[in-house]
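As structure tokens, here come the structures.
In the two complexes that follow, chain A is the common piece, with chain B as its partner first and chain C second.
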Partner chain A sequence: MTTQSPGRPAVWPGLVAVVAVAGFCYLFLRVEHQWAVAALAVCAVVAVLAVRRTAWPALAGAAWSEHPTVLGWISLISALLFIALFYENHFALLMLATVMLYSVACLGLTIQFGYAGVVNFAGAAFFGIGGYTAAMLTLHTGLPHLLVIVIGGLMAGLIGSVLVLPLLRTRGHYAAVITVAFAILFKSFLEVNELLGGPQGLKVPGLRILGWSFNSNVELGRDLEVSFYASYAVLSLALLAVTLLMVKRLERSWVGLSLDVVRLDETAAAVFGFNVAWWKLFAFTLGNVCAGIAGAVYAMMIGFVAPASFTFAESLILVSIIILGGVGNPIGVLPAAALVILLPEKLQVIQEYRFLLFSVFVILVLLFRPQGLLPRRLREYYAGWRRA
Partner chain B sequence: MLSCEKLTVRFGGLMALNALSLQLHEGELLGLIGPNGSGKTTFFNALTGLYRLASGNLAFGGRDITGFTPRAIYDAGIARTFQRSRLCLPLSVFDNLMVGNHRKLSRGLWFNLLRRRRFRAELTRQMEFARTLLRTFNPRLPQRLFDAAGSLGMIDRRRLEVCRALIGEPKLLLLDEPSAGMTHDETSELMDDILAARERIPGLSIILIEHEMSVIERVSDRCVVLSFGEKICEGSYQKVAADARVQEAYLGVE
Partner chain C sequence: MDLGLLGQYAFNGLMLGVVYAMVAVGFTLFFGVLDVIKFSHGDVLTVGAFTGLVTYLGLSAAGVTLHPALAAAAMIVAMLLMALLGAGIARFLVLPLRAAPPINVLLITLMTGTVLRESIRLFYPSGANPKPFPHLLPTDSLSLGSFTLRYDNAILLILGLASIVVIHLIVTRTRLGLAIRAVAQDGETAQIMGINFQAVVLITFALGSALAALAGVTAGLYYNEINFGMGLLLGVIGFSAAVVGGLGNLYGAIIGGFLFAGLQTLGAAWFSVPAYKDVFSFAVVIVLMTWKPSGLIAERSAERV
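Here is the complex of A and B:
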């Protein structure tokens, strides 16, 4: 290695980490045989446990906090390459896009629960509001679809504001119960509402942006046909990148500080002039908008919305993703979402027992690593700010 | 500058504060003493808007502040510390200081998310400001600027809490038993710091709740003694210490 000035961590451990993660994901998505999938999963656990004993996590972490822009771009480009590698594989692309859209929704929960401490056990409901809004608007109006996605997010934010009053008057368990009630209410409301398709749900037309239909395969040349899911995967990636950037910047600013204080000590926050109610409203609404936008895109990709996809159990999955990832760490959401969504899809054996397994997994994490797989670290306002 | 008229706070049938009237002049350090449960902290909570007054009036700097929210009272220039430390322990020392300085930070979403260069300039200014303030309390504290507040020792936590209250440049500082949980030497060290801070900030008024009588004797200009929510005595330390009712409240009657 070239000589490094002692103060500034090198960028290459971060690169190695990106390559290793991407390589593993590639293998995991490629293998089909059940035993091979299981073997890979075991290998991953062993590898993580082994690497934890070395200096590598610290090196990679330092590289990331020192060179976030470079490594961020590299990750984005690798993700695009990744999508390109699976260009003809419907299933892999669908999985990728699903993981990314769920991550966007969980980033919304991170703003709510991780930063401002506002619990939300109705994440799937807000995801669903985005989806149903997209369904109704594309079926009954001629609004441009990009606008429809945005409106889906805004609707989730708006309907969420109904909950704000009771949420501001309660704390802790009681606030949680309110969101649980909303999640259950939402599903019942959908099931009895004929206009929204009742228990059968609604078909959603595919996304169409500037005359380009997302739901037809793209033909490049004579023999090269790209799966239509690739367009959705690229869109989801763009959405994820923008949301992640926003959430990270939010944390690295006075806004993030305000949200943290509101979570940690409401009394101190009030005494030091923070508008506690405003910050809770802000975080709750922004988080729901994220979930709504993700839900709108998801509904268009899947092609239908039904009450069964937006149950309280699905909301619990979203919450377990942020707990597994490390509450308040937006980056932790990504591996956790991948784990929770990909593993049962790839390992068909687990499918039926997925809730049982998740419960066991969440309990194990809470017992042995309560801060999650990637715990949140102290705020860094920008790379290298400690030297300023 | 602070004038309290017949403050009354009730918790159900309990009179936590009973018609307490109190005046404070600019630049004065008032010692507030009294046995446990006599209403000292209740008085602070009522003053900072955390408890609602059943009756009475509050005026600060010539302005009526009765019924103000905690936020409005902070904006009017009253800052406090808490008896049981209320620092945000998982946050860094710098973040904790910025909590107290929150009035002077640009909180707009647009600025925070998209004007990162200007944000960085503001951040650098604030870091310099924070270091300067910490240095006046303990020359080694600025080095801990990026450590979690929870990693500090007890006395530095107390210092940080006082700094957090001072950094917003309040006109009135309320100190709720800053010596709680500290040794005798640490207490005296902290009091030196507070007296020094008072020297540096002309016009700063302080109300200090304290159990340690030697501390009160050393630092306060005037004392007010509370018992069962009522003011039973007021005056210089010597006068108060000699008062029969005060001795009775503290020691009981023979």
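Here is the complex of A and C:
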């Protein structure tokens, strides 16, 4: 990978991009003062607009498409270093892990909406199914926690497929509307169900893998205590890396091609022998499994699940993330998730207004830049495929 | 169960049915002319109900005490303003996306609904809490054994039915209705025939939204309480009713509305927990959609979107 043949794009612009993004995130998580946060956000917008006028985005894009493996590893290692830098900061690590888990859920929605064209307006409900499953299983059974996380995902996938299976024969967006109904009813169902804790919700015991409890701080030496959120951040990072890799591989495989065909023209897909209903069901289920797994880990991390966290408005936030990021672009999900989750947390002024704010954002994006901030690119079957 | 209680259930069901049918008719009109699902419809209803409340508060602060006049004013102001809002949404958010995939229209109207809903929650004084809606119609009642019929509810029921009949007459008997039906059948041909496409679309959206405003004020007068989230579920129910009846068909929407209300009333009689009646109704609706994907009364030459 490191051999430099003539004319082959260099690695370093991609490296610069990774460092620049990481540096900005570091600053953003470190600043506390409200004005500093706002100024930094404005700087980011200006910087992005300025860089777009230069050749840098093309160079960095070329570097990524040429050296995905090297840069992927570099990003992963930088992310680990990043977590290490914040080792004692509970809030920053919680935020990081939250962004990563929401990204995993949104990658699930990307498979559904971006590839198969099935919109899911109940993303938060499937996230919640994962969380509630994890809560019930850890409270009432002695199953190993890794298995609990997986079961959380499978449960979300199962309930989702039972929900839309009957509707897949129909054309149009009826399945989407049923997910709206499900998202609204899910919360009222949780609120009246005594077994699931009613409006108060349930406490969830912390994650424990191979006897290592995730909920106690790690002491290294005498004066070095690592926040317990660091373990969750590392786990979330691993989950995100695996999901991202899966989605990228899925996209360039025959599976991704089939899903694209089904989305772009159902009639043509059926003529060419694609089982349209099956592919939609596959994408819907796989996406919900991602959301459920992320939800299970999230519930264990924050220690409780309650109906108020899984409302319809939260589901719309998830949809906003993928539309802002660029529908069908798995990489676009990451900055969009960071924006949608971090900005209201850091900038307290807009916390109350976030649903309003991001709805307006999405309306503007749909009107003026429907492909999203980072549009989906043509698929690349292997590194440097487009260069030739 | 005695006859009086049964009558009470039936009346409540009818009342719900009228409100649902009014919402469903809007969905069916929009789908008819533009083949789009406008999901902000339920939240337009909420804004309509709040407009009615504000009109009442403003007029009673100005010294008007005659209750029927207040009720009429609340309804008329809400209908006029929501007609404007509906036409505005069509003009600036739905029509510009005509060339985009239909799912984008669903998304943008869903987000518009969120903007309306959140605006009420954030900017109406303590808008996150339910607001009491005044009794404006005579609340005397007629008792027949254990069945009591309150006059205000009877008036609301008749008013709702009348509004649906009026919409039906407009669509079937007037030149405007002819234009609406022409656009619904084939927009391009209608334009060739000299029909102003955009004007017809805007008027249709105004009509549907005015009906939603009336439904909102009706719901307020019936339950004597409104809140910022009331339109969300009403919108989904109205849409499901329109789909079950057959999107694009007025009769279908009305039948769908009453069917959904009937299911909910049955559900309420069966289950002790109120939330389960909605779960039950939606489950039946899903089954119905699977059984008849183009609705109970299918649109002729239907190409489902």
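Note that in this section the second predicted complex is superposed on the first by the 370 of 388 C-alpha atoms of A that agree within 3 Å, B and C clash if a C-alpha of one lies under 4 Å from a C-alpha of the other, contacts with A are read in each partner's own complex, and residues count from 1 in each chain.
The rule is simple: contacts are C-beta pairs under 8 Å (C-beta built on N, C-alpha and C of every residue); 3 or more make two chains touch, one makes a residue touch a chain.
Not measured: the values here are computed from a predicted model.
Between chain B and chain C, more residues of chain A are touched by C.
Using the contact criterion defined above for the overlaid structures, shared-chain residue A:F272 touches chain B, although it does not reach chain C.
Of the two partner chains placed by superposition, only chain B is touched by A:R379; chain C is not.
Applying the stated contact rule after C-alpha superposition, one finds that A:F355 touches chain C and leaves chain B untouched. When the two complexes are superposed on chain A, none of the residues of chain A touches both chain B and chain C.
Per the touch definition, chain A reaches chain C in the complex via residues 117, 119, 121, 166-167, 169-174, 176-178, 180-182, 184-185, 188-189, 191-192, 312-313, 316, 319-320, 323, 352-353, 355-356, 359-360, 362-363, 366-367, 370. Residues of chain C touching chain A in their complex: 37, 39, 93, 96-97, 100, 102-104, 106-108, 110-112, 114-115, 118-119, 122, 232-233, 236, 239-240, 243, 273-276, 278-279, 282, 286-287, 289-290, 293, 304-305.
Per the touch definition, chain A reaches chain B in the complex via residues 246, 249-250, 253-255, 257-258, 260-261, 264-265, 267-275, 378-379, 381-382, 385-386, 388. The touching residues of chain B, when paired with chain A in their complex, are 48-50, 69-71, 74-75, 79-80, 82, 86, 88-92, 95, 98-100, 102-103, 105-107, 109, 112-113, 116, 119-120, 123-124, 127, 146, 148, 164, 168.
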